[in-house]
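Per-chain residue numbering starts at 1, and chain names A, B, C, D, E and F are given in the order in which the chains are listed.
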Amino acid sequence: MGISENETAQVLVHALPYIQQYNNKTIVVKYGGNAMVSGELKDAVMTDLVLLSLVGIRVVLVHGGGPEITDMLKKVGKESRFVGGLRYTDRETMDIVQMVLGGKVNKDLVLSLQHKGGRALGLCGLDGGMIEAERMFADGTDLGQVGQVTNVDVTPINDALEHGYIPVVATMGAGRDGKVYNINADTAAARIAAALGAEKLILLTDIRGLLRDKNDENTLIPVVNVSEVPNLIRQGIISGGMIPKIDCCVEAVRRGVNRAHIIDGRRPHSILVEMFSDGGIGTMFL
Amino acid sequence: MGISENETAQVLVHALPYIQQYNNKTIVVKYGGNAMVSGELKDAVMTDLVLLSLVGIRVVLVHGGGPEITDMLKKVGKESRFVGGLRYTDRETMDIVQMVLGGKVNKDLVLSLQHKGGRALGLCGLDGGMIEAERMFADGTDLGQVGQVTNVDVTPINDALEHGYIPVVATMGAGRDGKVYNINADTAAARIAAALGAEKLILLTDIRGLLRDKNDENTLIPVVNVSEVPNLIRQGIISGGMIPKIDCCVEAVRRGVNRAHIIDGRRPHSILVEMFSDGGIGTMFL
Amino acid sequence: MGISENETAQVLVHALPYIQQYNNKTIVVKYGGNAMVSGELKDAVMTDLVLLSLVGIRVVLVHGGGPEITDMLKKVGKESRFVGGLRYTDRETMDIVQMVLGGKVNKDLVLSLQHKGGRALGLCGLDGGMIEAERMFADGTDLGQVGQVTNVDVTPINDALEHGYIPVVATMGAGRDGKVYNINADTAAARIAAALGAEKLILLTDIRGLLRDKNDENTLIPVVNVSEVPNLIRQGIISGGMIPKIDCCVEAVRRGVNRAHIIDGRRPHSILVEMFSDGGIGTMFL
Amino acid sequence: MGISENETAQVLVHALPYIQQYNNKTIVVKYGGNAMVSGELKDAVMTDLVLLSLVGIRVVLVHGGGPEITDMLKKVGKESRFVGGLRYTDRETMDIVQMVLGGKVNKDLVLSLQHKGGRALGLCGLDGGMIEAERMFADGTDLGQVGQVTNVDVTPINDALEHGYIPVVATMGAGRDGKVYNINADTAAARIAAALGAEKLILLTDIRGLLRDKNDENTLIPVVNVSEVPNLIRQGIISGGMIPKIDCCVEAVRRGVNRAHIIDGRRPHSILVEMFSDGGIGTMFL
Amino acid sequence: MGISENETAQVLVHALPYIQQYNNKTIVVKYGGNAMVSGELKDAVMTDLVLLSLVGIRVVLVHGGGPEITDMLKKVGKESRFVGGLRYTDRETMDIVQMVLGGKVNKDLVLSLQHKGGRALGLCGLDGGMIEAERMFADGTDLGQVGQVTNVDVTPINDALEHGYIPVVATMGAGRDGKVYNINADTAAARIAAALGAEKLILLTDIRGLLRDKNDENTLIPVVNVSEVPNLIRQGIISGGMIPKIDCCVEAVRRGVNRAHIIDGRRPHSILVEMFSDGGIGTMFL
Amino acid sequence: MGISENETAQVLVHALPYIQQYNNKTIVVKYGGNAMVSGELKDAVMTDLVLLSLVGIRVVLVHGGGPEITDMLKKVGKESRFVGGLRYTDRETMDIVQMVLGGKVNKDLVLSLQHKGGRALGLCGLDGGMIEAERMFADGTDLGQVGQVTNVDVTPINDALEHGYIPVVATMGAGRDGKVYNINADTAAARIAAALGAEKLILLTDIRGLLRDKNDENTLIPVVNVSEVPNLIRQGIISGGMIPKIDCCVEAVRRGVNRAHIIDGRRPHSILVEMFSDGGIGTMFL
């Protein structure tokens, strides 16, 4: 590293007020998609989380498993049935989802955090009845075992935090019908952050944040008040795939999370940059 | 149920001394194979465990995942390579093992216990560095990511027990090389039972116990002192697939577990029968 | 016992939902009169209480001492003076009451519970100022040291429960005048149950419950809403010696106890039958 | 009171080093016999104990019940059978003993302490299995339900002290045969003091202490090293009814109690005088 | 001492109800001025505080340092500048104040309490941000680093009490400007007593209390209701240097302290006399 | 600051293993002399300590007060008497020492730490009897109230650490004669570090460390095993004023402190550089 010892000291001193600010606060990080694909980026994210936990921040990692699920479905030759353009999650698909989320992605994240010197504990929405769900109908269409959250009980997460672990949460939920439901990880992260009374929800995405002109990264909107969101949608500035992510931010803030962030997971150590610099990066919702 | 209320009372009274005996003691149950395949038997096992936990016993469930792993390997068209007659666990196979154990079997068991009214928490050997492993060589043959246990730290299990959960443990381990290793579930259960200072280790199998004449179920040996085991092997009474199971029992007892049991998981509620009757069932090692 | 191991398992499984339902709840049992006279029945009651405490129920035993007090008064040749048909409790009579309740009945119950493997602690209403009382006048008639409860402080009972004991409570109370007062055990049990926020108050009596026709045991009324009681009194269905017992049930329910029961203490293990069967026995007030 | 405010201050200041010395230490007081008969003396003893407990001393009161037992036996017309000159304790006699000790004396002491503003909890040797006993044979003579202590478990006493109560202990014990045994209160007090690691055992008696010449109160021996006791017995200075009392002191000291005292309970506030003056009173064993 | 052992006992018994009354209550003593000058009186005060702490009272000592500050200013030849007749506290003067209060008086008091067998811990208003202050302007006149209290956080005092120390508090405060401010010790004591929810605030002064005729000590007013104070000022009974002291008592009572006292620190053990006699001494505000 | 956000992230990541290594460990920093004189350097030291405490290190600051004491003695015109070339500490000098250490330096450090966002608590060796001392004779010469440590009880420091404070310790001690003694701060720091079982003792000095040639800063000896020290003294490499400092390091290590360091307090953030870089700075003793 080309940074001298003096600069090291300077940087740490510079980080001091941020460390003070977040000391003993809860930060929920939602992680998934492409940021999770690159080994190097994943390494950087794991390092960031271990660091946050060491400086006294209560860190919770919520993850999805997008590309790995698709890969696995392909491997087992499972053809997806589509209903009204949406993928139907039958029993067999749900099994694959559960296996990839709970058995592959979750365990790999636990292993990585442990390897970086953190203490991690893998959880899923079934543990201790954490996420209660029911069948979701998108515009009246039955999508199979796709669920919406009916209740969140963060006791198992708090138990893990209390014992000094970084909880790593896979987001399936249990229905009263005894079935497992696939829950959107962004939504789950927002609900968990709210139930934990988190200071921040950070969505690690593969975009820079909310752009006024989506083709020009220089038009990043750094701060959005959640009351402005409907207007931004009307103006078309928030559109397409952005809408559900931003809805999660809005819901988290509405339910009491202090700040929600959409930041660029493709940039190494983007979490540290967001938390330990004045400007922050990406878009902050408050 | 054809049992009268008076009989109910009588049975409960009869169970009293057993409940007293095991109150606040730790019981590790190893569950896997065929007993896990039948839905009805699985239901009965789950009920038994929830009941044990309610009468004040600290219950830990350790599981393997045999048949489901084979099914999944078949589904993804993974052909197994054999070395000296033993299956080689390459990276891709290990991924499947990890997914089935940690994502399918473990989560299904958590869901079932929760559904029966228990409070369950899914754990795996990676959580909090619980199982440390290294590559195992069988007679000098490299079997890939098959590991032997080098260290067991039951802190995450004790944390879960302390918070009133039934910990459900999938038995992979982490190597110092950052790789995940597949660990034999019987062996892991024995080591975990020893590290917990358990009162009992119960292996739920698909045999009646140790038979003097393996073709005659009436020749069951109810009690074996671990010092007799070498002799029983020499006499051929313990042989074949029985040897590793009985070795686990011996190791558990040698490391301080009070009693180890091989019982018949095909019989409904065999755990309750073992624990709440005078004779017990199966073979007990002490 | 003529019940097979399989039936044992079945019964335990059948009891599971009841155990879950009462787990960590408080049950106050009032015990006295004839059910206490027969050694065999007493044995069965003790066994029931130890069993309840082992399956995670907080059990409190409140007792009176009727027949043994009469015997003792006879032994010391104490002639009772009657005022308006009611026995006057003079200082000497109160001494006998206190001795029999606190020294004989209470200690015998503690010894029996300990002998059955329970952990019992004998308390009386004087300990830690538990029951505060004042002289009671029945229709203006002074009955001597017969008291009515003016305050109940269940701290000593909760302290004992917290340390894992079954508290056994003799129901005398202390007056501000420094005198000891004899308190009706049913009334005290109702007040204690209310102060503990108990789930259930069970009065063990020597009748089957409330009968529509007191000469026909087949006319048992299994459930009574406390609001119906005045009407039942008017109809003469509740009458005579039943009235005070049922008043206690009503008071307990009115003060927040979930259910109050009058059950037949002459039937062995009637507590277990009440708590671990669908129908229950006797009459339940809610 | 004829003592001025200034003298009050002076006395309190004078008491300071004694209060410091005994702060948080355990003092076991054995109380019985004549000191208990006089209402005024009893009042003074109760006041002393409440005061000790308020200045941070862990006070335990162990009591016998001599004269009241004799009275009661007389009242019920129970004739005592003598064996080799010793009173035989048959079942009926034991019942009376139990009632008087556990129901009369114990409860009266609790009431008095509460009345003086203390927080008292009545216990007996049966509670929580505190005193385990077996039949005692005096020189081969069976005395019925007279027991010797085989084990002392002071958990119930410590539980009570922890919750801020003054435990008041009646000294019967439970045999493995399910019978209650009468235990000598001095002996029980010595064993309890030892098991509690008490700083002091104080026997409140009706003599001034050990006198060199038993007819001359001016010949009080203020301090005796337990090793001198056999010699004092040989010299006849310790003789008759003194022997068992002094044996208790010796046993207490031998089992680790720091100091044992025989003091004169007929003198008002003798406990305070012993503990808060330089000379102390009575005879101290070390 | 000319007081006999019997009188010792009598006095202690007499003190019992007072000890009961103040048990576990918080008493704040403000100490300063002449009572602090005489070594003998100081000794008596220290003894009183240690005694109070041993009988279960939570004692907090707040001190000023008047004469010693003046001495030190003289020693360093610091000439005081006066503004409108009031001493201006420049930086150099404040340094002397801080040194004398925090380094001399505070430490001497800690040493004395320790020497008397107490456990003392020296604190000042800067510790843990206990006293927050801002520049005070007396009638618009800037007095330099003389501060008024803007906030009191008694956490460090409670932490010390919880660990069994007698906290000894020097009353400087920290401004948001990073400067230290000199805070009037009476005022600080009143605010600290209020924040602690103290039972009593005792100001140890060099007068007998509030006199109706200031030249006649026999005209002491023993009890004043704070609502009468304005009237007493109007009548001239409260005047001159008394006004600020009585204002402190009024403020303490208004903010929830149960009783505030002005007592004569020149009388030995005046604190004990106030607390352990019926009449008390000095003037009590309620 | 000329360091980019990316570099910030890089530096934090680089610091991670050091943070992990010292997490929950105790570090004692001895601070005094010239490093304390410059306001800017002092600021940097305070920042470093607050930062260490926030990343989970238990930080204890021990300080002397050299130059400020000399200044104050001059101000009050106190002429020092010398005995055998050493300054005699008479009562008046000790008073000045106590005031400056306990009232000026200690409080200024507390204020600075609080101002930087830390939670600090000022302590001195008298609090809770922390440092017990006796008169020291240097080669038989009486130096007045100069003391040597006879006992260290770090309870007050541990109490403060437990409540999350940075304890700031002024090093006077109490003699059994009731006098205060001046204790060398380096020695006290070594003894405190040992009693706390500290991981590190850091002496902040005004030299670079131990130099092989004291005129050439390039001859720094980075690591010294304490067993080599006698030899280095014999060689003249350790000499003069270095000897007592290095003796402290040796004593700390001998008494169980893992590492002792002499580092250059004139360099900004030298503590951070020592702790968060591979090479460290100054000389380390082990």
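By definition in this document, a residue touches a chain if its C-beta (ideal position, glycine included) is under 8 Å from a C-beta of that chain, and two chains touch if they have at least 3 such contacts.
Bear in mind that the values here come from a model prediction, so they are computed numbers and not experimental data.
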{"item": "Interface residue overlap between copies chain D and chain E, same or different (over half shared)", "value": "same"}
{"item": "From the options A-B, B-C or C-D, the pair that copies D-E, where over half of the contact pairs coincide", "value": "B-C"}
{"item": "Gap in Å, rounded to a whole number, between the CA centres of chain F and chain D", "value": "56"}
{"item": "Averaged-CA centre spacing for the pair chain F and chain A, given as whole angstrom", "value": "46"}
{"item": "Intercentroid distance (Cα basis), chain F paired with chain E, Å", "value": "35"}
{"item": "Numbers and ranges of chain D residues touching at least 2 other chains", "value": "none"}
{"item": "Overall pattern in which the protein chains touch one another (line/ring/star/complete/other)", "value": "ring"}
{"item": "Chains listed in ring sequence, where chain D comes first and chain E follows it", "value": "D, E, F, A, B, C"}
{"item": "Complex contact set, residues of chain E against chain F", "value": "72, 75-77, 95, 98-104, 106-107, 110-111, 114-115, 119-124, 126-129, 156, 159-160, 163, 165, 172, 174, 178, 180"}
{"item": "Chain A residues touching chain F - in the complex, by the definition given at the top", "value": "1, 3, 5-17, 19-20, 23, 44, 47-48, 50-51, 54-56, 116-117, 268-269, 272-273, 276-277, 279, 281"}
